[in-house]
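Notes follow the structure.
Per-chain residue numbering starts at 1, and chain names A, B, C and D are given in the order in which the chains are listed.
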Amino acid sequence: MSTGNKKKIINDPVYGFIKVPFDIIYDLMEHPFFQRLRRIRQLGLTHFVYPGAMHTRFQHAMGAMHLMSSAVAILQSKGHEITKEESIAVHAAILLHDIGHGPFSHVLENTLLEVDHEDISKLMMQELNREFNGQLDMTLSIFNNTYHKKFLHQLVSSQLDMDRLDYLKRDSFFTGVSEGVIGSDRIIKMLNIHNDSLVIESKGIYSIEKFLVARRLMYWQVYLHKTALAAEQMLINILKRARQLVSEGEELFAPPHLLFFMKQKPTIDDFHNQPEIFKNFALLDDDDIMSSIKSWTLHPDAILSNLANDFINRKLFRVSFSNSAFKNSHINEIKKQIAEQMKLDDMADVNYFIITDHISNNAYSKSDDQINILFSDGSIKDIAAASDMLNLSVLGKTVKKHYLCHPKSVHS
Amino acid sequence: MSTGNKKKIINDPVYGFIKVPFDIIYDLMEHPFFQRLRRIRQLGLTHFVYPGAMHTRFQHAMGAMHLMSSAVAILQSKGHEITKEESIAVHAAILLHDIGHGPFSHVLENTLLEVDHEDISKLMMQELNREFNGQLDMTLSIFNNTYHKKFLHQLVSSQLDMDRLDYLKRDSFFTGVSEGVIGSDRIIKMLNIHNDSLVIESKGIYSIEKFLVARRLMYWQVYLHKTALAAEQMLINILKRARQLVSEGEELFAPPHLLFFMKQKPTIDDFHNQPEIFKNFALLDDDDIMSSIKSWTLHPDAILSNLANDFINRKLFRVSFSNSAFKNSHINEIKKQIAEQMKLDDMADVNYFIITDHISNNAYSKSDDQINILFSDGSIKDIAAASDMLNLSVLGKTVKKHYLCHPKSVHS
Amino acid sequence: MSTGNKKKIINDPVYGFIKVPFDIIYDLMEHPFFQRLRRIRQLGLTHFVYPGAMHTRFQHAMGAMHLMSSAVAILQSKGHEITKEESIAVHAAILLHDIGHGPFSHVLENTLLEVDHEDISKLMMQELNREFNGQLDMTLSIFNNTYHKKFLHQLVSSQLDMDRLDYLKRDSFFTGVSEGVIGSDRIIKMLNIHNDSLVIESKGIYSIEKFLVARRLMYWQVYLHKTALAAEQMLINILKRARQLVSEGEELFAPPHLLFFMKQKPTIDDFHNQPEIFKNFALLDDDDIMSSIKSWTLHPDAILSNLANDFINRKLFRVSFSNSAFKNSHINEIKKQIAEQMKLDDMADVNYFIITDHISNNAYSKSDDQINILFSDGSIKDIAAASDMLNLSVLGKTVKKHYLCHPKSVHS
Amino acid sequence: MSTGNKKKIINDPVYGFIKVPFDIIYDLMEHPFFQRLRRIRQLGLTHFVYPGAMHTRFQHAMGAMHLMSSAVAILQSKGHEITKEESIAVHAAILLHDIGHGPFSHVLENTLLEVDHEDISKLMMQELNREFNGQLDMTLSIFNNTYHKKFLHQLVSSQLDMDRLDYLKRDSFFTGVSEGVIGSDRIIKMLNIHNDSLVIESKGIYSIEKFLVARRLMYWQVYLHKTALAAEQMLINILKRARQLVSEGEELFAPPHLLFFMKQKPTIDDFHNQPEIFKNFALLDDDDIMSSIKSWTLHPDAILSNLANDFINRKLFRVSFSNSAFKNSHINEIKKQIAEQMKLDDMADVNYFIITDHISNNAYSKSDDQINILFSDGSIKDIAAASDMLNLSVLGKTVKKHYLCHPKSVHS
């Protein structure tokens, strides 16, 4: 009668129960690097639109690990060898795949750092591997796609990886956008391996079509939602202004580990060379950003306090979308209004209140990473060829949308 | 074709969609007091046990408001008059019923303040009423139970209020403790009014039995869970130590509005008399507490940094329960071990690492506020008399459990 | 305190509770014509593949009526006038829209009758209107699309009618094909009226895309499933053989009202002219067919008893699909095998064991009945033009598949 | 790449997917005895109250088999030996545990037969064992509780068997009585074995309390529902009348295998001795009963046709409950009314329209079969002792209710 087992079943609103399958997985979950993910929301500022979206990267990592258990079991039941060691390694790889995410990653990665979160993930995994005495060698090899069984890497990172299968389902669940819910269960049941590559059995074509449509729906309805985009742009400008003030020697409240990054903008090389960068980064999370911005609502600098106040109290910028770039004359007209309303003399300051850029959903599909369908005669077709329904040329095409953000008080 | 309407439908994972029924409700939701609830978790530290429990008081307040819409419609359909003005007022009352909650209320109310959150709620409602030019007069009257239709107050605060019906359902949902799910829908459909009091039609007896059992289950399985209790006790001691250091003139990182409360412990009278207390309170939320404690993991004071480190990284105290008080000899033995392990000379410092107290589930039922069942012959019985199943004398009885918390490194 | 109300709330696994909104709706539900739908499964023989698919046309009619209540409320809330009388009429119309369905409609309509179920529906509604003293005049007018507000007819019958929104959701639910689940709630919330036509507000584009994909998925995965198709073809041949035996004067067990239709094949004109046809039809349901076929497993005619046995015990024909028609040579080869195995001399008898025909999903979309999207600038676009994702030319195209069925014992 | 596997995954609305774990389980499911369960509803006439309750004994048997897979895996993971042979046997035992059920068992067992369905189940299993060449020896041994590992029998038949865990969940699901839903998942996770007996680990106490309350709720809200009771009593009287007419030599439409049982009332000994009884029984199902009664709506005997008409069209008797037996004077008064209304001279005929009897929920708990709780110190307590909440003396007590049924046209 084992009682240790029981402790390792975790309640999860999405799947009911999640079983921690190996001791080392439990130990990794206990590590401060992983515990830190409890304080980083999966969807950053999306909760401004969908109040339920408070779920964290901690929950997502566990969910993806849970799906990995199903996928490994299914593939084994279909006669494909996955050794216990490989199973442990691929579970660890999915658990840690997002370990390097900072708070509000997309913002941070362009504003406080000059580093991609995937590079930090690798750095953190290496550090964990040192602490775990090399037990993560195979995990790193799978993560970096140097392991000889390529399909194991695909379970961690590909068009049909456990990452995606969990986050689409989880994000749909917590936002309450029920149409985004995908049949991750059924897709996993249809997984198979052909020439060392993950494939979907042909019975699963409709599930894949549904998955692709749900993914697109989630992009436009959740991930690229206007309001979340506006909040994100305001956050970027708030941090820019704060950094500017710090550079001018102004005093600014912020936890030391956040202030650290306001004074420098490290690259991945800096991370390698200066241990204290890494140490400070490992302390950063959503709470620091939010708590500091709240303090800044009372800061004497009007630009900072205005932006901070509007951000904290959800008086967000208005966003307009356009298929073509906005005209300079139009932008200048808005800038003039802002300058007047905010009483700004310096045109550089006006830029804190207007953003124009573009988004694109190119995250969709890469030509080199297709979803392949396995037919009962053993042949393989790309989903684009196998499905007569989906306009996959459209799906594959990068959709680019220009946007313009500014305070609602300004007429555009 | 009304488009304003559309903006006021909010996705909610629990109910699907929540409709904001009146303009003033929308305006109240936009107010900084209410937006602040986005940053206060409904279940404080429970996510240390149930990682899904990240939902906020903002979500709960909207959920309870949604149930109020159903309850009002059902009662109206049964022929009871609820005017539009009353409907607005009772919706506003439930929306604002928790407006005065601070971060980790139970901790804060004993450690940083000497004030009950209900008193702050009233204060905030009064302030809102001023800002809304008296439009909340009836809301306050219902909330304070001075309105002549008593059943309206009961919808906001009683054994079967919309608060409870939402939080039990919502907490079950997000913790993933699916057995706690209650049939709030069905209970609301069984609501009726008898002599100006809320009653349940007799067809609903089993639903009420189920509700009471689910509530008890949630108490022991979630609300009073050992691990959450341990985390809460650690949080209290961390704040106590921080306050001690501040009082000794030590420098301590914290946002100004949190530091404010480390330097004084205001009472409700202070709130009335000193506007800046109120102002600082309105800025406080979970993020400040969490971000500050994280900074304290590097503080030179060993007691503070030890506690902070263990708290942040979830190395929580062990909790033992007992039906009787723990013996002094036992407690002293543990204190001795702590003093040795932590190298503490001053016995007063040892108390930061050991807590003994008791909990009781007296929140259950008050003799003066029963659930009444309406039979088809017009007679009324208390659920205790109407149900032959539940041992309601047990339910009614206060269950008291003593507990003892200390670091896991210490043997007890 | 109204108690009559309570009786009219019906539990439904799909929506939780269904409220019967008007007295006449309740009275219609009590009528034997409607009660009869309790004994007719929504998906005929699909339960041979999806054992959960036991739900009836009774449940579906109530579900569609429930969605109608939501749709009417939403449209009213957007400022469109729907009078109480119209609301009752449109509720009655959707409740009765399938009233003329016989058991295993598609089979019956080609084998026992020469009548379309819609014509019988109209006949039954007229009969009900007589019994209800003309209270269904407006219902009939809406059903027949002669009522001046055309959008009311569209709620009953169009690409986005309540019929479809319920059956797709319900059939997904009971088959357990969870990917087919549609967001009927959200679609209804996006309904609006433009120029007396139902339209979808532009925010709902993705929901419509999802709906169309889910519908297609349900077609291929459920409605046209091989195994159900095989069962249906066997059922047709069993009834053909039984009719043949009856015509030859053989005695055959069957309830009188079923035997009635084995002796003649009435047209809709016959229905109008001969009241006993109508009377016998109103008694027919799934139970008669199934019970009779079971008796026939012991019939001395080998063809009938073989087919009946295999059908009852789910030894179903094998189905092959092909994009082109099967070759005569191939068919003849199979026929020869059947003749040998079954020891059949008469080639006409062989045809009871082989079927070749085609199916097409032309049910999809009709050029004259599009889904229109309403943009915020008041303009209207067809979904095909509004969506860049869906290959609607494919959706619109009739997909035709040839199939060939025969016993599994025969090699093809 | 195994494709055989895929065919053995069955969609189920309750659990999503059900995997058929062993080849012999698949073969048993294909057998006509098991296919027959597709035509027998799990809840008989309950669909008259809860229209969703159309689910069959076929679905339930598969669901219970699915839970067995979980239970076996959990117990194995806790270190208890269950060999592959034992696993197969216990899966087969649960699959076949209800194989002997006839249509509307409770009615049939008292009206058409004098045999308990469990006895027929054993008979059918023995017959299957013969056909499967003794492969079911261990299955029979477990079913009959002669196998040395007693806990295997308990998984099939005890207070916490997989039968109960499935049917409570499934019946709640399909009736839409969501409060009856039990956490079968969690209960199974808490299963353990102590002294060769199934026990629940102490963490599961609240789940068990919830389970017992849900069970009681289902009893009074579903299983003993007035309306279903009325329908059942009418069905009994219809069959009694039909049998009476047959005995008088009247002609009566019914399928031969049903007519067979109208002419005799076999005992279990008759089953053993007369193979044709068994053969006729194996053909009987709900469809025969329903189809025949519908024919009888046109029978010249007024008593039969009245009852049949009211039954088919759901004009059900009114039921009154009482804690004490109804008085003879009251009953006689009602009989007089019936005689007048129905113009019945013979008082014996009146009895077809009035029934008085009692029901009791003694199905609850037997003193010899308790639910035992395993504490972490290895001690065992009965749930009655372990729970301070439930009034288990009440739960254990047989609740007896008298009832009286008669046509609604009669005043009582």
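Note that in this section a residue touches a chain if its C-beta (ideal position, glycine included) is under 8 Å from a C-beta of that chain, and two chains touch if they have at least 3 such contacts.
What you are looking at is a predicted structure, and each value in this text was computed from that prediction instead of being measured.
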Starting at chain B, fewest touch steps before arriving at chain D: 1
Relative to chain A, chain with the most remote C-alpha centre: D
Distance between the centres, which are taken as Cα means, of chain D and chain C, whole angstrom: 31
Chain B and chain C, separation of their C-alpha mean positions in angstrom: 51
Averaged-CA centre spacing for the pair chain C and chain A, given as whole angstrom: 44
Chain B, residues touching no fewer than two other chains: 16-17, 178, 186
For the chain D and chain B complex, residues of the former touching the latter: 178-179, 181-183, 186, 206-207, 209-210, 213-214, 216-217, 220-221, 388-391, 394-395, 399
Chain C residues within the chain D interface of the complex: 10-14, 16-17, 30, 32, 35, 38-39, 41, 47, 50-52, 54-56, 58-59, 62, 173-178, 253, 255-257, 283, 285-288, 290-292, 294-295, 297-298, 312-314
Interfacial residue positions of chain D with respect to chain A in the complex: 1-3, 5-6, 9, 16-17, 77-80, 185-186, 189, 192-193, 201, 203, 376
